[in-house]
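One structure is given below, encoded as C-alpha cells.
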Amino acid sequence: MFFRVKETAFHCTPEKPDPVFARQLQEVLGGQWGEISVMLGYLMQGWNCRAPGKYKDMIMDIGTEEIGHVEMLATCIARLLEKSPVETQEGAAKDGLVGAVLGGAKIQDVILAGMNPHHAIVSGGGATASDANGNHWSAKYIVSSGNLLADFRFNVTAESQGRLQVARLYNLTDDPGVKKMLSYLLARDTMHQNQWLAAIRELEEEGFEETPCPSNFPQELENQEFNYVFLNHSEGTESAAGRWATGPSMDGKGEITYIDKPPALGPQQELGQVDPRLFGTPKAPLSAGERQLMFTKES
Amino acid sequence: MFFRVKETAFHCTPEKPDPVFARQLQEVLGGQWGEISVMLGYLMQGWNCRAPGKYKDMIMDIGTEEIGHVEMLATCIARLLEKSPVETQEGAAKDGLVGAVLGGAKIQDVILAGMNPHHAIVSGGGATASDANGNHWSAKYIVSSGNLLADFRFNVTAESQGRLQVARLYNLTDDPGVKKMLSYLLARDTMHQNQWLAAIRELEEEGFEETPCPSNFPQELENQEFNYVFLNHSEGTESAAGRWATGPSMDGKGEITYIDKPPALGPQQELGQVDPRLFGTPKAPLSAGERQLMFTKES
Amino acid sequence: MFFRVKETAFHCTPEKPDPVFARQLQEVLGGQWGEISVMLGYLMQGWNCRAPGKYKDMIMDIGTEEIGHVEMLATCIARLLEKSPVETQEGAAKDGLVGAVLGGAKIQDVILAGMNPHHAIVSGGGATASDANGNHWSAKYIVSSGNLLADFRFNVTAESQGRLQVARLYNLTDDPGVKKMLSYLLARDTMHQNQWLAAIRELEEEGFEETPCPSNFPQELENQEFNYVFLNHSEGTESAAGRWATGPSMDGKGEITYIDKPPALGPQQELGQVDPRLFGTPKAPLSAGERQLMFTKES
Amino acid sequence: MFFRVKETAFHCTPEKPDPVFARQLQEVLGGQWGEISVMLGYLMQGWNCRAPGKYKDMIMDIGTEEIGHVEMLATCIARLLEKSPVETQEGAAKDGLVGAVLGGAKIQDVILAGMNPHHAIVSGGGATASDANGNHWSAKYIVSSGNLLADFRFNVTAESQGRLQVARLYNLTDDPGVKKMLSYLLARDTMHQNQWLAAIRELEEEGFEETPCPSNFPQELENQEFNYVFLNHSEGTESAAGRWATGPSMDGKGEITYIDKPPALGPQQELGQVDPRLFGTPKAPLSAGERQLMFTKES
Amino acid sequence: MFFRVKETAFHCTPEKPDPVFARQLQEVLGGQWGEISVMLGYLMQGWNCRAPGKYKDMIMDIGTEEIGHVEMLATCIARLLEKSPVETQEGAAKDGLVGAVLGGAKIQDVILAGMNPHHAIVSGGGATASDANGNHWSAKYIVSSGNLLADFRFNVTAESQGRLQVARLYNLTDDPGVKKMLSYLLARDTMHQNQWLAAIRELEEEGFEETPCPSNFPQELENQEFNYVFLNHSEGTESAAGRWATGPSMDGKGEITYIDKPPALGPQQELGQVDPRLFGTPKAPLSAGERQLMFTKES
Amino acid sequence: MFFRVKETAFHCTPEKPDPVFARQLQEVLGGQWGEISVMLGYLMQGWNCRAPGKYKDMIMDIGTEEIGHVEMLATCIARLLEKSPVETQEGAAKDGLVGAVLGGAKIQDVILAGMNPHHAIVSGGGATASDANGNHWSAKYIVSSGNLLADFRFNVTAESQGRLQVARLYNLTDDPGVKKMLSYLLARDTMHQNQWLAAIRELEEEGFEETPCPSNFPQELENQEFNYVFLNHSEGTESAAGRWATGPSMDGKGEITYIDKPPALGPQQELGQVDPRLFGTPKAPLSAGERQLMFTKES
C-alpha cells in the first residue's frame, strides 16, 4: 500500500519556459529507458519476487523512489510549457511560445520550432506518457522474469541507458533549474547502477545464481561442444583479437576457443507438406482429382 | 554484405508435429527476448559501431550467427505444424492437430488445444514473427545507443532472459528432436553470456568505459550528495541488510550510506498557469470579461 | 448496409495550403480522440447493441455521420497539402511548402517547418490514418462493452476531448476556410455531448441502468464497508474540502465518509513458491541434491 | 514523493491456485480499463493539474490508492500461479497446472487449459503488465488533457468499464478468496464513480466548466445552425423516439430538432493537384515533355 | 457523406452459437487482412485520390461496400456468442459456452475451450476490433500513397490474403449459416481481385502508370547496371532456373542477367566519429585532458 | 546459415552530414515499406516455403540481399549524423548540426531544424529501427501466408511502395553521395518488381496458382451470383465507365456485370440476447425478481 507527501523528492523548477526542450525531456519520462519504465518495471519485479525479504524490500524501495522521479519529470515538463513570471509581467507580446502561437499569426514560427504538437493539442500544457517522438509508453519496454539475476542485469542496463540519455539531455539545455534536476537524476542513476551490481554480487555470494543464468539448469543438458566456442561468421578474423575469443570463460567453467570457418551442421533447410486444405503452395501442383477430393464430403 | 548456405547451423527437426508446442516456441523466435530481437539488435549495434574494428567485427559475428538461429526456430515451428510421415500413413484419423480440424467435425477439440489460430488462418502452417501470445515483434524491444558498455549490459540481459526462456521450454516438451535443438541454443546462450561479459571486461581494461556508465560524463557535475546513498522508501528497514546498503560502492568511487527516512527536498508539487486559450482548468474560474477578452480579435 | 453521396456533409476547403497545420489537424482525424475513433467506436457499439431499436438506431445514426466527418477532415488535410490556385498562377517561387522543397535547394527551410515527413514520403500529399505525431490509429482507443451506460459515458468523454482539441486547433489557424469547417465540427460535438447525456438520462428513466454501473450487479455482494468511503492517501487533508468527501453519495444510496489515515487491511505482501523447474529465484538457494533431483528423469 | 507500507490495502489471497483464472484476471490489471490505466492515468492528471489544491489533492489520493490496487492484483495473480499448501502436501501428482506440465507428459492437457503461455515462459509464475490476451499495457489507454471536466468524464467511464469487468470476473470464479478481493474492488469502483460524479458537480457549481465542454470556448464561434440538431443518417426514423431527438437540450442552452433527411451541404469531394514530383497519380497522364521537364535540372 | 439502410448486405446468421469459432472469425474482421483494413484502407485511398472521377468513384464504391462487410462479420460474431433458440428452451444445462461458465462450476472446461477472454470480459458477447489473437486493429496495416498503381497492387494483395483466410475459415466450421456468409465473402473477394486487376490494366492502358512503378521517375536516373540483374546470394544456383533469372524483363524494358557471385561494390562498412559529448564509444579512449576539455565551459 | 563480408553491397557515403535528411531517410530503413520489412518479410516467406527449391532459393536470395540494403541505409544514416572531414578541419564553429547544439547555446535553431530527437538522445548518432516519425518497426508490416501467389503480390506491392518512397527521397536531397546510393536502390527495386512479376507468371504457368487466389478452393463453393458483379454503392454511376465494370473478367472465368442499386439481401441487423450475467444492456430492463434470481446461488 502506498502513500504520498506533497513535496517532490528534489527540485524540478526550470528558470524559464522552453517548449522545445520539453519535447526532448519526454524521452526520460516516457521513453524506452525513461522513469515510467523503471518505476513500473521495478514494481512488477518486486510484487512478483519470491526471494528473501531483503531483496524484495530493496526492489520495492527503488520502485517507490522512481514514482517520485516520474513526478519530478512530469512537473518539470509542465513548467517548461508555462509562461515564466517575467514574461507574464511583460505582457502578451512576450508570452512563451505557446502564447505566441495563440496570440498572433506567426503560427509556423513556433510550431516548426520543434514543439511536440501533443503538448498543445492533447495535453494542453501538461506532460504526456510518451517519448520525444510521441510514441506512447508501452509495457513492451519492461520485464519481470522471476529470475533475479536475469532481471538485475536488465536493471543495470536500464540505469546505464537512462543515465546516458540524461547526460545527453544535460548537454542540450542551459537552464540552471533543469540542470540542477538532471544533476540529481544522474547521481541517483550512479547509485542505482552500483546498487544493482551489488545485488548481483549478493545473489552470487549467497548461492542463488551465477553465470550462465539460469544456473539451476544443469549444464550437462546443454550441448557441451558449443558452449564455450566463438563462431566467426565474417570474412577475416578481426574478432579473434578480443578477450571473448580466447582464454578461460568468464564463468570459470570452460575455455574459449575460436572457430574461423564454422560448418553448417544441420541439413539443407527444407520443409515437408502441410494439409492441402490450408491452400498453401505445395511441392507440386495438385491434380484436378486431388483438388476435387479435398472437398468431396462438403459439396 | 551477406550470403547464405542452404544448410542450417544446427539440427532443428522435431520427431513429430505438435501445434501446441509450436505456439509456445514462438516466444523465443518473435518475443521480447527472442532471436529476432538479438539478430536485429546486434546488427543495428554493429552497423552503428564506431569503436575499434575487433569490437565491431565481434558484434557482427554474433548478429550474423543469430540470423541462422532465427532460421532454425522458424524451420522447427513450421515442422511442428506438419503431419509426420507415420501419421500420414496411418490415415486421417491420426492426423496432426491441424489435419484433425480440417478432416473432421470436432473443431473445438483441437482449437481449444491451445494452438495459435494464426498458425492455421494467417501463416498456413508456417512460423510467424510474433510471440507465444501472438504479439507482433516490435523494435521497441531493442536498443543501439552508441555506448558499448550500456549496450553490452543489455546484451548480457538478452542472453540471460533468452536462456531462461529456452530452459523453461526445454521442460515443456519431450520431443527429442526439439530438445536437441534447444540444447544447442542453451549452449550458445551460455557462450554469448560469457562473450558479452568478456567484452565488458575488455572495454574496461582498454579504458573505454567503466561504472557509472557513461563514465565520460564528469561526476563532479552530478549531485554528489546523492550518488552513493540508499534511500529507504518503505516502513521498516529490511533493505538495509544487503550489500547494496553499506560498504564501498561497486565502482570503487564512493562509500554507500543508508538513509532510513529520506526527506522530500523539493517544494510542494504545484504548477503555474498556461495560456487560457488552451482551455485547461485554471486556478480560478474565468470571469465573463476575461472569457470575452480571449476572443475579441476573432469574433 | 451503407451508401454514399458524392458531396461532403459540410464545407472543408481551406483558402490556402498549409502543410504545417495539416500535421496538427491529423490529431482530430487519426488521434486517440479523432474522428476515426468515434466513427469505428460508435459503429462497433451499434452493431453489438442488443437494447431496443431506438437506441441502436440512434447509435448507428451518429456512427454513420462520423464517417462523413472523417471524409471532411481527410479532404481538408489533402487540400492543405496542395498548391492553391493563386500560387499556381504566380509560379514556382510561391509554391506551397512541398513545392518549395521539391523545386529548390533549401530543403531544411521547409522540413524544419514542422511538416509531417509522411505527408511527403508516404502519402504523397494525402491524409494519413495517424495523429499529429505520426502514431498510427489503433483500436486500443475504442470500446464496446455491451453495457450502454458504460459506453455512453465513454462517448460523452470522446465528444468532450474531441471538442477540446478542435477548440485548440481553432486557435492554431487563421485560415477562414478551415475555421468554417472547425466551427461546424464544434457545433456537432456540442450536439453529440448533449445527445449522449440525453441517452444516459433515457437509459436511467427507462430502468435499464443507473449508478453504480453496472447496476444489475447486486450491491450486497460488494464490500459495503468501503463503497462510500473516501480514503485519504496523502499527508494533509486538502482533499477533504470537496463534495466528494462528505454528504450523500451521488447515486443516493449511501453517505460519504472521509478516512484520514486508512490502515492497510491485508497482510504483508509476500508470495509462496512456484515450481523450481521454472528457474525463478526461490526463497533459499537450492542444494546440489535438489538441483539434481529436478532433472533425474530426463538425464 | 511516495512511500509504501509492506501490507496490502486489502486481502488478495486465493484459496487455491488457478492458472486459467490468472489469465482472465490479467484484464483488470493490465488491460485497457485495468488498474495500471487508472493508476498512471490519474497520477498524470494530478501532476498536470493547475486547478485549486483540493482538486489536485483528491486526484492524487485516488491515483495513489490505485498503486495499491495494482499491487493487490499482481499479488493475487502470482498466487493463482503457485501450488496450494494442500497440493504441496499431496505431492507432485496433484500439483497445480504448471506443476502438471512440468511433472508429466500430458502437456497439452494443461496448456490447452487456456493458460497464458507468458505466465510460464516469460514471467515464471508472476503477473505481467498485459491484458487477458497478452497485449502489453499501452499509454494509448489514458488521457490527461488539462481540462478537468473532460478528464473526469473519462474517469467516470474508466470506473464504469472497470467495475463492469470486475463484475464479470466475479461470475467467472468460485474461489472465496478471489471473490473477497473482487468484492472490495467493486466497492471501491462504486465509490470512485460517485466521487468523480461529485467532482463534476463541484466543477460546475464553482463555475469552472459546464456542457458543452470546454465551456470557455465561446459558442457564438461554433456553427449555431447545427449545434442542437439531430441528423438522421438511416432509412426510417426509429431514432426519433428518444430523448435525444426532441425537447430542450441537456445543457439548457438550446432546443433539439430532428432532421430526417439531412442534405449534404458541401460540394462534391474532389481534390486538386499536388506537385508531380511526388509521383502521385494525376488528373491526366503526363506527356513525355512534362515528364522530362520535371528532371531537367538534375539530369 | 454516408447513409445506411437497416438490412445487412447479405445473410450473416449462424445456426447455433460457437464462441470458439467466434474467436477464429475475428481474424477476417479485425486482423491484418480483415474487413476493417480494406474498409478504411480503400476509403483513405478514395478520399486522397486525385485521378479522374471514375477511379475515385470506383474506389469509394468498394470502400463503402466494405463497411457493410464489417457489419456482417461483427453481427455474425455477436450471434456466435449468443444462446441459440433451441438451447434456450432446453434450459440452463445446455446453454452456450458462456452460459455454461456463468451457470456452473466447470469454468475451466469452457474457458480453456479456446474462447477469446475479451468476448466475455471486455465486449460482453460482442465483436471486437481485433484479430484472432486479440491484437487490436492498427492503421499500420493500410496504405494510401497517392500512386494508384502502387496502391492497387496492395489491394490485389489484400483481396488475395483475405480470400485465403476466408477459405481457411470455411474449412474450420460446419455451421451452414456461417458457410453461407463465407461463401458470399469468397465471391466478393473473387470479384474484387478481378476488379483491382482490371483497374491496373486500365491505368496502364490510359497511360497513367506502368512497371517499374512509379514510372514517372526517369529510369536514366536509376543505376542502369543493376536494374535488370539477378544477384545470387546463396551457395549453389537453384534460383537460376526460374523465369526471373533470364529472358526479357516483365516490363519489356530490359534483359535479365544472372550473376552467380556478386561482388561487394562498396568499401568496408566503417563509420567516422560523432561528437564526444554524445558519450558514444569512440575509436580510442579519451585522454583525461580530452575529457576535461569537453566540459570546461560548463564546470 | 549466414555469413558476411565486411564490404557493403554498394556505396553509401554522403558528401556531408545532414541530420535533417537522416530523419527522412529513416522511412526507407524502418518504415512500413522500408528495407527491414522486405528483409524480414522475404526471409520469413523463404523459411516457411514448401514449394520447389528454385522458388525457395530465389526468395532467400532476395531476402539475403536485403540484409545488405539495411546495412547500407543504416550506415548512410549514421554518416549523415557525423561531422564531415571538412567541417572538422574548420573547427567547432562549423560543426554539424549536432555539434552545433552541443557546442553552443542556440539549441532551438537546430532542434527545430526537424532533426529526430532520438538520433541525439537515444542512438547517439546512429540509425534506429524506426520510420521518419519515430514509429518503431513492427512485424505488423509483413506477411508470410504459405500461399506464394498471395505473398508475391504483396512483394510486388512492397517493391512499388518502396521505390515510390525512394524516388520521393531522391528529390528531397541534393547530396551526390546519397543520390548515388538511392540510384542503386531504385535500380534494385526495378529489378525486384520485375522479378516478383516473373515469379507470379512462373507460378501460373507451372499450374500452382491463378486468379482468384487461392485457386485450389473450388469456386462452386463460393456464391456464384456475386463473384463477377460490380456493386455500385454511390449516387451516380461514374464507376460504370471503367474496365472493372464490364466485359470478361480478368481471370477469364466470368463476365462482369454492373448493378446500379444493389439491394440489401440480409434481414435487418438485429441481435438476440446474451447471458444477463454479463451485465450488458438487454432488450428490456430486468425486473427485481430476475435480478435476484441471477445471484441466488451465490448470496
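All chains are identified by letter, namely A, B, C, D, E and F, in their written order; residue positions are counted from 1 within each chain.
Here is the rule we use: a residue touches a chain if its C-beta (ideal position, glycine included) is under 8 Å from a C-beta of that chain, and two chains touch if they have at least 3 such contacts.
All of these numbers come straight from a predicted model, not from anything done at the bench.
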item: Intersection of the contact lists for subunit B and subunit C; value: A, D, E, F
item: Per Cα centroids, the chain farthest from subunit D; value: F
item: Proportion of interface numbers common to subunit B and subunit D (over half same, under half different); value: different
item: Remotest chain, subunit A as reference, centres from CA atoms; value: E
item: Whole-Å gap between the CA centroids of subunit B and subunit E; value: 25
item: Subunit C residues counted as touching two or more neighbouring chains; value: 1-9, 32, 47-48, 50, 53, 55-57, 60, 64, 71, 75, 78, 102, 112-114, 120, 122, 124-126, 130, 133-136, 138, 140, 143, 145-147, 149, 164, 167-168, 171, 214, 217, 221, 233-234, 236, 264, 266, 269, 271-274, 277-280
item: Overall pattern in which the protein chains touch one another (line/ring/star/complete/other); value: complete
item: Residue ranges of subunit F touching subunit A (in the complex, touch as defined); value: 1-6, 47-53, 55-56, 101-102, 105, 107-108, 111-114, 116-118, 120-122, 124, 130, 133-136, 145-149, 203, 206-209, 214, 216-218, 220-221
item: Contact footprint of subunit F on subunit D as seen in their complex; value: 164, 167-168, 171, 277-279
item: Subunit B-touching residues of subunit E, taken from the complex the two chains share; value: 20-21, 23-24, 27, 31-32, 112-114, 131-135, 164-165, 168-169, 171-174, 233-236, 264, 266, 269-274, 276, 278-286, 291-292, 294-295, 298-299
item: Touching residues (chain side subunit A, partner subunit D) in the complex; value: 1-9, 30, 36, 40, 43-44, 47-48, 50, 57, 60, 64, 67-68, 70-71, 74-75, 78, 122-130, 136-140, 142-147
item: Touching residues on subunit F, where the partner in the complex is subunit E; value: 5-13, 32-33, 53-58, 60-62, 64-65, 71-72, 75, 78-79, 81-83, 85, 95-96, 98-99, 102-103, 120, 124-126, 135, 138, 140-141, 143, 145, 147, 149-150, 153-154, 156-157, 160-161, 163-164, 167, 170, 180, 183-184, 186-191, 193-199, 201-202, 205, 211-214, 217, 219, 221-234, 236, 238-239, 241-245, 249-251, 254, 256, 262, 264-269, 271-275, 277-280
